[in-house]
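One chain, subunit A, links the two complexes that follow: it is found with subunit B in the first and with subunit C in the second.
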Partner chain A sequence: MDRRRIADRVAAQVVSLGGIGVVLAVFFIAFYLIKEAAPLAADPEYGGDPIRIEAPVGLVGGAEKFTDASWRLFEDGRLQLHDLRTGAQLEELEPLGLAEGETVILAELSVDQAQVRFATSAGRIGILSLSFVTSFEGGVANADTRRQAFGELSTFWFVEEAQEAVPVAIDAVLGDAEARTNAWMVAAYADGRVALTRGQPRYNALEDATTWRMRSQEITLDAAPACVVLFERGRFLVTAADQVYGYEPADKFAELTLLGQVAAPGGEVRVAHELIGRGSAIVGTEDGTISRWLLQPVQEQPIAPILLQEYEVRVPGVFAILPSARERVFLARGPEQALVGQGTSGVSLTTFELDADIAWMNIAPREDYLIFARTGGAFEAVPLDLGFPEVTSSALFSKLTYEGLPEPAYTWQSTGGSDEYEPKISLVPLIIGTIKGTIWALLPSIPLAVAGALYCARFLRGRSRETIKPFVELLAGIPSVILGFVGGLYLAPALQDRLLALFLLPLVLAVATMGLGAFWARMPLRRRKTLHEGTAVFALVPLYLVLGAIVLWLSPSIELAIFDASFSRWAVAYFDIPYEQKNAVVVGLAMGFAVTPLIFTLAEDAYRNVPQTLADASLALGATPWQTALRVIEPPARPGVIAAIMLGLGRAVGETMIVLMATGGTAITDWNPLQGFRALSANLATELPEAPKGDSLYRTLFLSSLLLFSLTFVINTLAEVIRVRGRKDL
Partner chain B sequence: MTESVVTDVPSDTRSQPTTELGRIAADSASRRSKLELSEMVIRSEKLNFFYDQTAQALFEVDINVPRGQVVAFIGPSGCGKSTFLRTINRMNDTIPGTRVEGMVQLDDQDIYSPDVDVVELRRRVGMVFQRPNPFPMSIYDNIAFGPRLHTKMTKAQTDELVERCLRGAALWDETHDRLKSSALALSGGQQQRLCIARALANDPEVLLLDEPCSALDPNSTAKIEDLIFELRGSYTIVIVTHNMQQAARVSDRTAFFLKGKLIEEGNTTEIFTRPKHKETESYITGRFG
Partner chain C sequence: MSSKESNDSVGRERAHADVRGGIGVFFSGGALSFVLVAAIALFGLLFMRGAQSFWPRPLHEWTMDNGQVFLVEEFETKSDGSIRARIANREFQPGRLDFVAEQPELIKSRTQPENAVRIERIENGPFHGYLVEEEAEQDGVAGMLVKRPNGEELFLPEEAVLRVQYPNQLSFFGRLGTWIANFGRFVIEKPREANTEGGVLSPLVGTALMVFLMTLMVMPFGVLAAVYLNEYARDTWFTRVARVAVNNLAGVPSIVYGVFGLGFLIYGLGDTIDHVLFGVGEGDASIFGNPGLLWASVTMALLTVPVVVVATEEGLRAVPREQRDGALALGATRWEMLWRVILPGAKPGILTGAILAISRAAGEVAPLMLTGVVGFEPDLPISTEAPFIHLQERFMHLGFHIYAVGFQSPNVEAAEPLVYATASLLLVLVISLNLVAIRWRTKVRRSLQGR
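Moving on to the complex of A and B:
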């Protein structure tokens, strides 16, 4: 083989290798995005080798967060701690200090599993706070040397004196002396009484001690109450038979006001429990219907109990609600099975089959185990994988009523101030933001770029044509971060001051252009010859500059004279539309600098590629240049122009820095161009660096990036298909 | 092409210079009906044409084209024959920087006067180009393109016009069953006849053919020549050609251009048998070109 043939072959191989490499890279990226997002779809499951020890079961109990040890509270007030690896008893205490013969009759674990609220046979009610101390044997810190012991245990009494009546249901929450928040307790009694107790912290600086001032109010229901759930600020739900009542303390705690009364679906209420954050409650009724409730104002109604949704799956004989300590997920436990339900989106995730001999169970604090206490005196921790229960399709794409928000909304607000924050992960506002940004970028760009391309390719001649194109292409090379900050820091405030000019400029310039055109047509042919067709357009440039300057100079005076000094403020007041300084129009203008040159240069190629012979034929048939352009040049170039627009669309959809820097970044679902938005791309840029790797936000962001990837991939592929199809026809 | 035509002509046959071409011309002329040399449709006087300040392409061209006849422009490449052709429908206007001096008249009207409507001029003067250039649309829409620019027509009128033009261009039989299919699917010769039909649709007085057969095979060329024969009389036809046999076969009159000057113009048979100028004789005998 001679050298030329070898070189030929090598070149061919290198080129095809490069091509295959690109395709592989695209596939790899898609694969990677799918791989990171795929676990979102997994169902919760449990099983595998349990940790099992023999130990007495008690009334209530659990495991500390490492699941090294299990604790249980007994009827007689004893608290035991057992090592889960050896089965040995580590400690036994009596933290409640019960009187002789007094027993615990009611004990319930708080959502964070750090407290037990309880009532005794003497009618006393309190909260036992648990804490654990972790130490390491032999000074080596690893899982094997880790040892657990009880830390400080304290009891906060709401009702310290013995009473005659014994509550049938209680709910209580501790106050915080430092933050000066109140402690609250609500207790229901068999005779229909429901008592709300408030503990107010009183700090005594001399003694450096806090005393709690207790006050109570009570009401009496017609029927015997069954369950109580405390919400914020002493508001609570109480159920009696199939009715759910909402109450709040009013008039400086002088009385309790009924907020509303709603019938629960499925008959008599059997069980009710708060979810993390005390923003919503899960209620289970006689026929196994599980429902989620809020106690908040919705859709301009006053605060009232709201039945938000019923879960699709029923749990016959439901008798316990076991919430997760980490997120809005719960187990609704019946005798044979438990529903795993999700709070925010109201989705029934899956059902767990349960053994018959379970005394009590709960989800371990870290959601990594299911803790079972078996009636035979055994204690088990079975590995649990909940997956990413908060990311459901309805959480991503449906309008939801969130805790504390006045009405159902598409909301993206992935993180909040505390661990109890309800993540709002609707992708809808981001998708709307992306579409909105794209529309406002393309709206001015498409006509400008396409008409400019047609003019440049078919009307301009000689040198001016050869000069303009590279200059426009130079524009395309401006880094988008520069466009972004110029848009955000200069354009946005400038536009607010001269919003009127934005409306006036296109109008004035269009009129001026047409006026000049009419004037030009009236000019004698000999005059026109001096400025040849095609170069005459440059006469517009000084006209535009002068008119632009005049409009910009005059617009403040006009605003002052007609629009109360500020057109933007006037428009806001007059049309009742909110105005945001960094809005979609700013983005449209800034992104125009990125998108217009791209569309222009590709469309110009498409128009120029139409053979001159066709134009000649048309002109020779007596068509005017415009008729030629529109009837002969445009149709064969159309696929190419559409492809150019599609590529511009792809660019606008994926554009990040401009939409990040030139918008306020609020994830709203509002098409108003004078408000900002948050696009998928900008959202990724903001949140992905801060999302903990592997958690649900991280994977949700990967899902949104997969969406963005597919969107641009489809658009670009479509553009290419259209372009290739069109080329065949020419 | 020119060379191949005349290679068998001996270089020293000055007394009988163009036996072959002369015979063809005389033969063709005998088969044509006689036309009255009544009025001149196109008349140019002292026509100078400049592509820019320095490049002059035509020098003082005076020529008259009589109505209904076929006039062939011959001459070597770059002699200005196409340039002159394109001044007749002002297609040279589309080239930036060109300038015209002198006068070209169509029906006694100066076509370069300021009050001439170029659109109307080009409707009256149809043109067919060197390479077939049908629009990428259906055969039907190609034909209807010109008339639709100028008038509003009903469907029936358009149908009628399309048929008439296709028949006029001897293309109806081949295309009547696929009028709605793309014109690009036609063969080269058919495409060129379509271009002629398209030009006819405007009902022009003059038809300019700029080397219409240079991209076609002999068979298609023959059909175009037959068509020119058919159209003669109804239209005044000016054809630029490099093929002197073609000029001899199809034209009533022939004009010979050289270096931007019109050297000789006259009856085709005369030109090819008894050229008055030495340059003409040299060219048609293949001494240069």
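Moving on to the complex of A and C:
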């Protein structure tokens, strides 16, 4: 007896625990999606225990990517490397080979922090390339045994001979001999001269060496130039007073052409710097206004300097722009405060106060520290966590102008060929794709499923209903990958040849149905024994099969006869619309196979549940069966039918394989049904496996799956509520 | 107005209503008929094409206007009038394509040579040509000497040849026999040559293993949850919310489960297991921190929990109250009542749940794409070496096979017939499972209605 009691207690505990556990596990899914997407909204964090060593400051410097060591370049051309953990000096070199008395007067770090472009007091201009070698002490690889040293250092000279004039601003990029890309340098002088130098690689196969052929062109501005920024292919921005000029080398480098001249907001330009990829520049002006500029054609205008956006936060006295080496993020530095801004969406992320004794600073290559050099001879690395600056609400949901794209657009193109690629993560085209696919799936499904369900529930009799209903239910179980395959590999090419059938088939079938119905209605009542409401379907199925086959078979010939080509080709030419073989109509047709049986089954139940007594009363009062169905059966069943449609909607929204296989998958914001689309669901299936864990794309995809989850959850809950309400009314 | 007139007008109205009503009824019947016709067409297309892919087609020798000679299996006439045909001999075709499409007027002569031979090979797909010497030798390697349709001779080493067929010499029953043999080989052979040749054994076994593991996991938990909700929990807001939630989860897109599986199971749990049990550090190759069989099964189990819960609850409700009361009146504890009376009574419902879960898992592909499926991996995830089932390995799946071969294969055209066959196989599997489930469920519902 006791043992039984104990067993009973234990069982009750186990079942309750297990049951509650399963239910909670289910809630956990939603919670987890939120947890993974939440860091996207986190604010940047700055502060904490700094790494600090005593070391001379130099002209310019930074840290290598592990922030194990810091380097600095001095006026006299020396280059030092210090260990950041011990403070010991590791190396001192003189890689520039300066002449006696020559000093570095201008030095600027490149975006990737692997190069220093510099000018000397002798007017010589070059790029110093840095590299670091990481080794491990004692053969064990971890952060403690890691040692840094300078790797190969090289200097590329644009102006190697001593000059009289010394530049006030320079910008330069290295070329690549193997990829046959040119080296470019632009230098501005106090007398108004701006010189563009091009280095062309010449490969000598005999000596296996590359020589660079240098050519220069110059223009003279009316005012003294202040800043220069190089863009692609030798195009550059140069500023003088409050004007921003755009130039490009033209006519095979025979001259420099003015592309345009625009006044910068906020007065005289104080500072300008490129962002990663050299597709845009950040400009700071006298009153602290920070703005982002492009040099590209926009909205069918020729190439010109374009003021893209002004940042909300001003940095009074701004004198340096320090870009991140990882993404389109920069730090605009004034004497007292600094602004962290994001390039693509033009958002001011955060600001912070700066001490007065800072000689120079920058964002560490991995964006994990802010590096400071203090005038007193100290060097600091303060932990920094910018979060996911690229994912802002405007990046996700607004129309933006991207580098290199002709006009503002909603674009999803998360990854590109290189690390310098500007991610385009607008969810709008994906949401539009999902909506478009859903609409085209429901368009044919709703009338077919609802009318068919009404017929099945109210006109079919006994045994035929018992076989037809489970048959349609079975259709709901067809794996969507099969439907996607049929859609993509069979329907898509078939539809292209007989697009007209899309209009022809319903027309022919409707006429046939109408004819049969009219014929039946005019039949004397006593003859209506074999063909009646309940058997119509047995006449219609073979009729449809034959007519359908004929229409589909003849359609290409008819199209050829009328349009002299396939209808799709004709329509493309006539309406001037693009046609994609795997388009929204194909998805709609394929998805119809998945959605129709679902709506049908639930709607049939709803129609079936209306009490027969109501129908009997209506028929007894002289209403025809159709009047009874429409006026007596349909109204009380309506909530159930609406719930069925909503569940079908939920299914269509989340369907993945059909959308993946039966569309081209380009993320476009076009409602044209003859073009494909990319839906939220299919996007997850293709991009998530490739997304590095924990980065901004990964989390953006989690956000989109949360969106999908919430969407279907709301739809399904709504359907449930409607259904329960309707049942109460009955 | 005379009474006769008014009668007439009533009659006319009635007749109008009849015509309109008749058309209304016929249109609603038409909607149902259209659905049925579409379904028939879909099944017909898949099964016809699937069956056709095993049917040995005769080899036609085409002599073209420009003097080229092909030996082809004719497939279909395309809408532009050209004949699409499998030309085989992939290694000699530009772009390694198996198929050509030629306008019939460019074909000068079209014959069916008796001695035309079709050889299935390990590499480069089938060979069409003529046999010159059955037992030849070249560089000390035994094999056969064959002739391409254009007359060039070619040596095929013995181990490269799988089968030699003379399709043009087959009688109808010979063809039927070959058809059956081809189908058999399709089921028991592993895929070859990036899925364009061979069978579907690996995806079949992969699917079965995944579904088996999934069933092991989902059944106890699904039944537990249903028993709790239906038998133990009082009707509180929690159970009501839980029920709505479980119902709703059935409608959550399957890809979302895949996202959860990848994020939580693989990158979360898997990485932790690797770290704690196997001491895998950063930068090392992960073991369970990668998509694989285990995580795919767990994800599928999560996906099918609502299916099992709903079906089991229905089964539990079908057990009559009198039986419960009777058991309790005879002195049984609640657990004894549950174990001896309710669960046996709910068996049809539980089995329905199991079968529906299995059929759902067998056909679902999207979550697997994130959690462990792979396009081509002929080696099975089971072996005779411990631990026998390799839970951490990626596996092939019938549904994903369709996607991979039909949409990611370098040679879609050559593989297309096989995709139809795979799709038919999967369809038959899933449909039969569903049929069984529907029969069980009808049983449950009948006993529910009986009360």
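Just so we're on the same page, the second predicted complex is superposed on the first by the 704 of 730 C-alpha atoms of A that agree within 3 Å, B and C clash if a C-alpha of one lies under 4 Å from a C-alpha of the other, contacts with A are read in each partner's own complex, and residues count from 1 in each chain.
What we mean here is this: a contact is a pair of C-beta atoms (placed from the backbone, for glycine too) under 8 Å apart; a residue touches a chain by one contact, two chains touch by 3 or more.
From a predicted model like this one, the values you see are computed outputs, not experimental measurements.
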| item | value |
| --- | --- |
| Subunit C versus subunit B on the shared subunit A, clash or fit after superposition | fit |
| Per-residue touch tally on subunit A - higher for subunit B or for subunit C | C |
| Touched partner set for A:12, first subunit B, second subunit C, both or neither | second |
| Contacts of A:441 with subunit B and subunit C, given as first, second, both or neither | neither |
| Contacts of A:545 with subunit B and subunit C, given as first, second, both or neither | second |
| Contacts of A:462 with subunit B and subunit C, given as first, second, both or neither | first |
| Partner chain in contact with A:618 - subunit B first, subunit C second, else both or neither | first |
| Which of subunit B and subunit C A:633 touches, first, second, both or neither | neither |
| First (subunit B), second (subunit C), both or neither touched by A:396 | neither |
| Superposition-derived minimum Cα distance between subunit C and subunit B (Å) | 5 |
| Common interface positions of subunit A, toward subunit B and toward subunit C | 624, 627 |
| Complex interface listing, subunit C residues touching subunit A | 14-15, 17-42, 45-46, 79, 220-222, 224-225, 227-229, 231-233, 242, 244-249, 251-260, 262-264, 267, 291, 302, 305-306, 309, 333-336, 338-339, 359-360, 362-366, 369-370, 399-400, 402-403, 406-407, 412, 416, 419, 423, 426-427, 430-431, 433-435, 438, 442 |
| Residues of subunit A defined as touching subunit C within the complex | 4-5, 7-8, 10-12, 14-16, 18-23, 25-27, 29, 32-33, 36, 447-456, 459-460, 468, 470-475, 477-482, 484-486, 488-490, 497, 509-510, 513-514, 516-518, 520-522, 533, 536-537, 540-541, 543-545, 548, 556, 566, 592-593, 596-597, 600, 624-627, 629-630, 647, 650-651, 653-657, 660-661, 681, 684-685, 688-689, 693, 701-702, 705, 708-709, 712-713, 715-717, 720 |
| Residues of subunit A that touch subunit B when the two form their complex | 461-462, 524-526, 532, 534, 611, 613-614, 616-624, 627, 631-632, 635-636, 729-730 |
| Of all residues in subunit B, those that touch subunit A in their complex | 89, 91, 94, 96-97, 114, 119-123, 126-127, 129, 131, 133-137, 145-146, 149-150, 195, 198-199, 202 |
